[in-house]
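Shared chain: chain A. Partners: chain B in the first complex, chain C in the second.
Here is the complex of A and B:
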């Protein structure tokens, strides 16, 4: 940490790590951009055109996918954070059994997304355990169709299952970093529990809250596997739509348009969510 | 009510939730993987009539599972070592050198984590196609090695930063060559970081789905892509249960090893696993 650094040596050392990342990610983004305006057309003539953009902008299916993905990503990130906050506050001070229950709650972090989807579908499917149990105890006479529900509730449950532990991890760290003296001072000044949360805890954990919202939103916005396995069949997520037009119709250039819009959507959506969280916390602080 | 009593009630309530939320689905997966093919598990049986490992044997003998596992593990080992070699110089610069734009570099290395996986996969495959690289193994290996670099860089740059300067100075004062300084001072200090980096890249490479699916399908299968084939259009529940356990159990074991290596309560705090 204390070495004099020759700029050329630094550049040389950064090349295999940072250089390769920038090269690959940059090449992927450039490829998507140039394909969206007609170049590298594997199925026809290549050349500059905005027709792919025009086609997609007028596609009802694309906008439906956007609306659906916006709903899933927003609800998944907000619900994950809302579920994680009280737990993080509860785990602030260790107590008997807290380490065990906290590890159990964070266990889904170690489970692959596809496996999570299998566990869920296996549980709620037409011939799954839940239907069998409900019939066994006589609550229903025939199995209920819960898989691939039209509103995407299954996808939100899966996102919550997989992402809530991540939000819990970030928020627990942030909440535990708040000194007892600050909270005791607020308590001594007569602030009730909710006021202490609004005026002390929420502002001090804002960065972690925003990080959790942003990361979960980006992950949920780009989801493919949960949607294909547990999501509704009458509407696509943006990623699923992009894959369908690239794979099934061979529309690389059209898929490139969707890819750019997906990247912009992830960036703008997650930043907007972070800004809203900041505004809400500031308002609560006032 | 006393705080301790309330905690106890909440622990019991939360454990009950975890039972339905986590333990029961996992137990069902284990049971489904062991449903004997000769005895169907259906209503009104709440649990299977006969349990056996016949399904595991059948899957091993009659499907591409063997090849998929070989592909996955070969890819993961290759990606782990390639990523380690690529990340060492950059981690050294990030951990031990001061230079202008360091914060920018630290942000840039996170790029693969913010681009949606399927966007990277589809347009990386398009790039490989344009460059005339048709080897599925090579394509996925390049993708995994570069896209998993952020994890290795993050772990190793912390390891390099923790090497004590007084030990380096002492070794140099005693006339040690650059190689000897690396061998006796740097290497022992960064060894846990190297191991942690190898393990985390190995796990992520085994689990990676988007690149393997887009570039590899249909000829080159890995464990996640074969699992997807049992979950997608045709839901073959016992097969999916077997492959799920093959995917999850070794990785959980490796994460526990990683936790010991990193000597932290939860490895996710360092590697952001999930």
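Here is the complex of A and C:
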């Protein structure tokens, strides 16, 4: 006989886990929302106002930051996934040394972003290793300025270096879960390698692909350390901008507006990316 | 009607590191024939099937389909389709999409695809399931989808890798007949892999028995069962009483007296024994129960275990002297035999086979 569960008991059991999450996330979101409309003002009078929203909405600097962060987050997540797929397929079947190579590729997960950014800057700096090497082999006569490039290529490279292993982790599991027979059947039925990828592998790994895109996008959209050390100086990322307006003018409430917009941006942007990925995979499958 | 062989395997070998999975195998298959590759686990039957399908390249030898050398042709360009043991249905595609997957790859026109889909779905009784995902189907239905997908391709040769092994006994029996009907009506050549000897005997025009990567015997089910070439085949196909024997006397051109641990008896064979020391065998159902032992090839023994099986009874018996090993006899009908009961039986000399002592 089916036992009737007590909803109060279920709620009580879920409370230590879900309750904590709701409390922590909720507290941050609520705090940011109320600050954005004038409350909890640490540098002046508190009270309801929409002026902080009006100020930020009309800020050219903010929208530039959004554009820049959108570019960085989108390119970082898409490139990470594109780089991870072939590797995941390569690691699908274990081979001699595959565990070692796989561990090596995942090593960036253990390196903090700040350290990675610092090493990267050392590598590409005016008198860094790369310039020295290029001059040594005679490809260039004078050092090239690569640090803090205007297009944010350095940040994208760092994001790729840091996030690709994460995408690899998710995709390797998904690719390994596809049975050999499924791929052999597709081949047997006339599908060459790329058709097998489009019609079988991509649809069957779609959930992992979307998860990787969403998580990498959110992480890259909220990046601060890579941007501060290796990013361009003529444009800010959203987080950098948020810090600047809080730090320069004590604008906690203005920063809260940016924080809410960043959260919305991460949510909408990552979901849009996941939806686009689904549409692309479905189209490829047809 | 094509007259050439649908498939020719010519001295094909394949090794994985030091393990020789397929060892100098040669045979031919006629168009429309149902061939079974039979053998125990690890004998190389699936490897051989995958060689035919193009999933492996042989180390040496050639594979010809309809007279053309396809040894180096990849699977997607061979005139073969494989039915996998796991069915290998695409879980994200509906039944209909699974069936037409290969046709789309081959760029078959949509109207032709739709017609084939309707045709094969009707043949395998899946018309009402076309919009479902494979996970919503039973094992038998999934098996039929795999079969329909292969048949829709209209390949000359369909390769079956133990396709019934995941089905329960009753369903296996049913699908077995359905497959045979479809094979006969479509006329495709079938290469069927199984380790189930009863399945092989029931379905095949020809059986190829493999062991340790080599062919042990090729023949019709009747030949394989009634004239096993060696001890391995006699033991592997059905049940056999196998004894080490010595030729004691040659009566005439085809009649011999052999000496075994169960005594002396006569054996008749068209093929002379290859040496004085060899193995002989007879099938449990060859034994004929008699009232009293009367002479040559008549024996008396005691029942150790009696297993009633409805239409027959299996007896595990031992000779009264006690030094002979136990052996099995099979009696038709429903006569029950108590454990320890005395039974007399006769083994016709023509039913005693000489086995090559090779394995």
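Convention: the second predicted complex is superposed on the first by the 266 of 286 C-alpha atoms of A that agree within 3 Å, B and C clash if a C-alpha of one lies under 4 Å from a C-alpha of the other, contacts with A are read in each partner's own complex, and residues count from 1 in each chain.
Operating definition for what follows: contacts are C-beta pairs under 8 Å (C-beta built on N, C-alpha and C of every residue); 3 or more make two chains touch, one makes a residue touch a chain.
No experiment lies behind these values; they were computed from the predicted model shown.
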Partners on chain A (chain B, chain C) - clash or fit: fit
Which superposed partner A:59 touches (first chain B, second chain C, both, neither): neither
Arrangement angle, chain B at one end, chain C at the other, chain A at the vertex (C-alpha, nearest 10°): 90
First, second, both or neither for A:189, with chain B first and chain C second: second
Partner chain in contact with A:41 - chain B first, chain C second, else both or neither: neither
Residue contacts on chain A - larger count, chain B or chain C: B
Chain B versus chain C as contact partner of A:203, first or second or both or neither: second
Which superposed partner A:263 touches (first chain B, second chain C, both, neither): first
Which superposed partner A:106 touches (first chain B, second chain C, both, neither): first
Shortest CA-CA distance between chain B and chain C [superposed frame, angstrom]: 10
Chain B and chain C footprints on chain A, overlapping residues: none
Residues of chain A defined as touching chain C within the complex: 179, 181-182, 184-192, 195, 199-200, 203-204, 285
In the complex, chain B residues that touch chain A: 4, 7-8, 10-11, 14-15, 18, 21-22, 24-26, 28-29, 32, 42-44, 46, 85-87, 89-93, 95-99, 105, 108-109, 111-112, 114-120, 122-124, 126-127, 129-130, 142-143, 146-147, 149-150, 153, 161, 165, 207, 209-210, 224, 227-228, 231-232, 235, 237, 240-241, 244, 247-248, 251-252, 255, 266, 268-269, 272-274
Contact footprint of chain B on chain A as seen in their complex: 1-3, 5, 7, 10, 12-18, 20-22, 24-25, 27-29, 31-32, 35, 40, 42, 90, 95-98, 101, 103-115, 117-123, 125, 127, 129, 132-133, 135-136, 143, 161-163, 165-166, 169, 173, 218, 221-222, 224-225, 228-229, 239, 242-243, 246, 252, 255-256, 259, 262-263, 266-267
Chain C to chain A touching residues, read off their complex: 53-55, 74-77, 80-82, 84-92, 101-102, 105-106, 149, 153
